[in-house]
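Shared between the two complexes below is chain A, which has chain B as its partner in the first and chain C in the second.
Right, the complex of A and B next:
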């Protein structure tokens, strides 16, 4: 996943490029597509908007581009109010979902399109377009029409076209959605490298959490028009602030329970299947209903009963999902609850004790879980 | 294996059967009649019918081709003038239909989805009344003591009636009025399919809406413009009824010449020759255009 935000990044002075102030978009007077969203994007950042379909992320992006007028709220770019500026006057360019390359124009003309509208001198346009073509490694195909290119090449033309005018802000709408999985992985890094080389600030919209994690430096998880959580990818993954976020990002096992001991250095939660011992204090009160969330990769399977009072359950393997590099085991507990455990396949053994129907113990350490109160 | 191969054979017969239907239609109703017209154009007119092209009188088949009609057409300035004038009026009609039809189709395609079927109906509505009736209606509007002149005179805007009838003005009005739907329908079909994301992309790259129309919408609707222009231009060249009813002595059109040759002069070979030349005049530019388009389409795939 993404590299940890290093110290340099955090200590460098953050200059706010884009500020969105309680922006709302209400359709037909009732449907809240975007509901009172505020955010800031710093210069040089790739900001990811992550959410399922219909969560309002695309509407938010389209308001930034100027294609939708906000019902309420303001958008500031470099401190300047651009809320009511039409799209063609905003120093913002967008890379469209499935690209929207002009079918009647060649690759070269597509990239030059925006520059020509600015009345740039011809030789400067030629120079800029050639530079863009070599940046996206398409120097060989300036005369081709979009439909003569592969999906990956079209994606690169779209990127070159949206970068050609050197926008202050680049909007990426599901930039890799139209590519197949293998190509997507290589293109992700390529795209980030190009964006970092150019140094443009980005807002990225995606429904793919892996895409958001790999590409974005900060992520906003969106649902029903508002932000559930905004943070670094590892924050959103490891310290989700709600059940909804924990559930949306990655796989998670949820244990419902009641707080029993509430000490400054530890907490215990009585769940149906086990007693959870959490190795740090949280703000809660005894008797409070909470959810304890544990990621599948933080649980270990064993054949023997763990020598511990807390944090283990017993069950039967009812399903094995083999991915090659790792496997996910579905463990049916005595209470009937099914949990997922992910283990890396470190050996080349084809048979092992973890088979269908096998009895197994799952345990985890006291820092593996997060207690969610909302 | 056997089953699948027999299935393929049956399938091919079926395919052949389906394909042959339009070919049969084309051969019977287009190719053969054109060949008959071609044959008549190279025959001589006898008392009640045209001469036979093949003569068996000496035991040998003797083919007689008579090119006199074609020579006459080529030699007579009136025919050439008429052809040119037909093409001119058809061309003006096409341009006017495009100028009026394009915005019409554009706004129709942009109007709310639930209104579009109704607008489409309104385009078709005139077809429900007889074509002749509608052309006659224009006559009553345009003549010197017609509706328009009477209104203008009673409002004291003009003193003497405007001459709007039996000249190129009335002819073009009638032609544009009659052929407009044939321009709008293919344009509408094309424009309603236009992907709005292209316009958004153009706006995003700094194009004003007006410029985006010329740089994106118009080039992308090229196929609709060509189809609509063909549908208007081709029948307009050979139009007979409108010039007969609304045209005047100055508005020569080939359709009237054809009528005269057939029914006044009873000269079938001459009439056929006039028709053949007209077909060539329309067909040759179309074939060139078609070839150019096919080449473009070929370079695409």
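Right, the complex of A and C next:
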């Protein structure tokens, strides 16, 4: 889970399990599905690959599994070059997006499938399969065929099957993609618990940023075949390195502007709607065009005009999206720009000044924003 | 009102169609029990022609030959059809694939007469140069297998197309060597298609008269060929008898297979119901 990565960093020395060196995959001589990607995954880590549709996540994963041969680059597992090893010789197992359970085999036989290929003695296989079944809480249904299981149960069989051989690396391609929203949320934690119990290293592909945040210990944000940023979830969220990452992970309000004052301890940016005062220095030069990104939950709404020169805007509430625990207000500024402000609903009052058409001021402190130069 | 007349119309239409399909067959069965030598004149019931059939060694050996050819050619068709289907479906990126895959199905649309004639010409010239093959069982088998392969190819290809390639990847991922993937995953999933391809090509071969006529040699007459040639010389009640026997065997096979299928289906439903009731308890 994404808790306290910094503690981990200090306590356990990191041991690199998987290293990928400038891996590329070009289809049909033209489509660059994966473009010069390098990464390392440490033992015991859940590494999330996050990106939009068609950005090359599956292709990268399939190269790790051995289903696709890289056009260029190398893959090392525990320091050993496995780039040209066929899938059946890699100590890597994959859980497929659509599960790919064998329809002609029972749950038990599905899980035992990989073990039988290894020539494991019968009684050991039985023991291992039973252990796997209880791990995923399917002990009651060893004889069922996949079509006799619900979606969530199928997902767990697929997980058990891919864990049964105790792989060094587990690949998960959108493991929860086929489940409905409610089930996904409970399954996310369940899945992480099982993975941590087994202690297997994972590469997890998803296009759902919340899923990546909750499950992965590190995230790579991918676009058009290359990595935009790699980091801990909170790094990627709070310190995105580009407009694209800020935009892709969570909601963000973007203000375009020009650097005015550029001091070591602060920077001001002239935007159309306001002047932004950033409470720390950044590497830039006066006159440079930048984007200032602010997350909706870091903005406060007020009815009265803030007593400050910087960091506030005035607008009209044109939309309220109520989520129960919190609400998102869409504020239309005088320039016509619309920003989003998220506030927690701390009271149970139903009547409130924050109504449709109400005039409101939005303000934020001088550490809330991210200045993006690219 | 119009609904009623609609229903009446639909009903009589249906009766008409079924009568058209089955009256000739019923007539044939009926007259196979006719004692008279004249096929269309009823005298009295008897098993005379069945007796004659048992002693008609020509016809019996023709039936046996047909069965033999049908069985062997169906086996060959399924074997080669499966391989060609695999090659065309799995290796998608070789030159001329489109041409080859459409060529694989031309025998389906080509008139049998032309296929038979061209095969005959080829075999005759090969025989001329090499001294074999003699026309007979082998050449008929060759022709039937050729046609059957095209059909089997279509049946297996359509099954391969709807099969999830990820199942094979999963098998590889779990440690299968390429041949094991085929043996443990692909083949078991293909079995229903292989069975239907076998039945289809068996029937095609058993039924064929055109190719057989072109490709057979002296002493090798299949059942349809014998029936055909006898019918030309004037109808013979023994033919009715052999046809009736064939019909009975075929219907028995069809009924048995559908009974088996519905039994399997019921069994599966029962299992599922049981499984779900366990879940709730």
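For the reader, a short list of remarks on this structure follows.
Please note the rule applied: the second predicted complex is superposed on the first by the 367 of 374 C-alpha atoms of A that agree within 3 Å, B and C clash if a C-alpha of one lies under 4 Å from a C-alpha of the other, contacts with A are read in each partner's own complex, and residues count from 1 in each chain.
Following the convention adopted for this analysis, a residue touches a chain if its C-beta (ideal position, glycine included) is under 8 Å from a C-beta of that chain, and two chains touch if they have at least 3 such contacts.
Predicted model, so just to flag it, every value in this text is computed and none were measured.
Partners chain B and chain C clash in the overlay (superposition on chain A). Of the two partner chains placed by the overlay, chain B and chain C both lie in contact with A:87. By the touch criterion stated above, A:102 is placed in contact with chain B and with chain C alike.
Applying the stated contact rule after C-alpha superposition, one finds that A:334 touches neither chain B nor chain C.
Shared-chain residue A:140: touches chain C; no touch with chain B. Shared contact residues of chain A with chain B and chain C: 65-67, 86-88, 92-94, 96, 98, 100-104, 113-114, 117-118, 148, 161-162, 165. Note for the complex: chain C touches chain A at residues 164, 166-167, 169-177, 180, 184-185, 188-189, 271-272, 275-276, 278-279. Within the complex formed with chain C, the chain A residues making contact are 65-67, 86-88, 92-94, 96, 98, 100-104, 113-114, 117-118, 140-141, 144, 148, 161-162, 165. Every residue of chain A that touches chain B in the complex is listed here, in rising order: 65-67, 86-89, 92-94, 96, 98, 100-104, 113-114, 117-118, 145, 147-148, 161-162, 165.
Listing the residues of chain B that touch chain A in their complex gives 195, 197-198, 200-209, 211, 215-216, 219-220, 222, 300.
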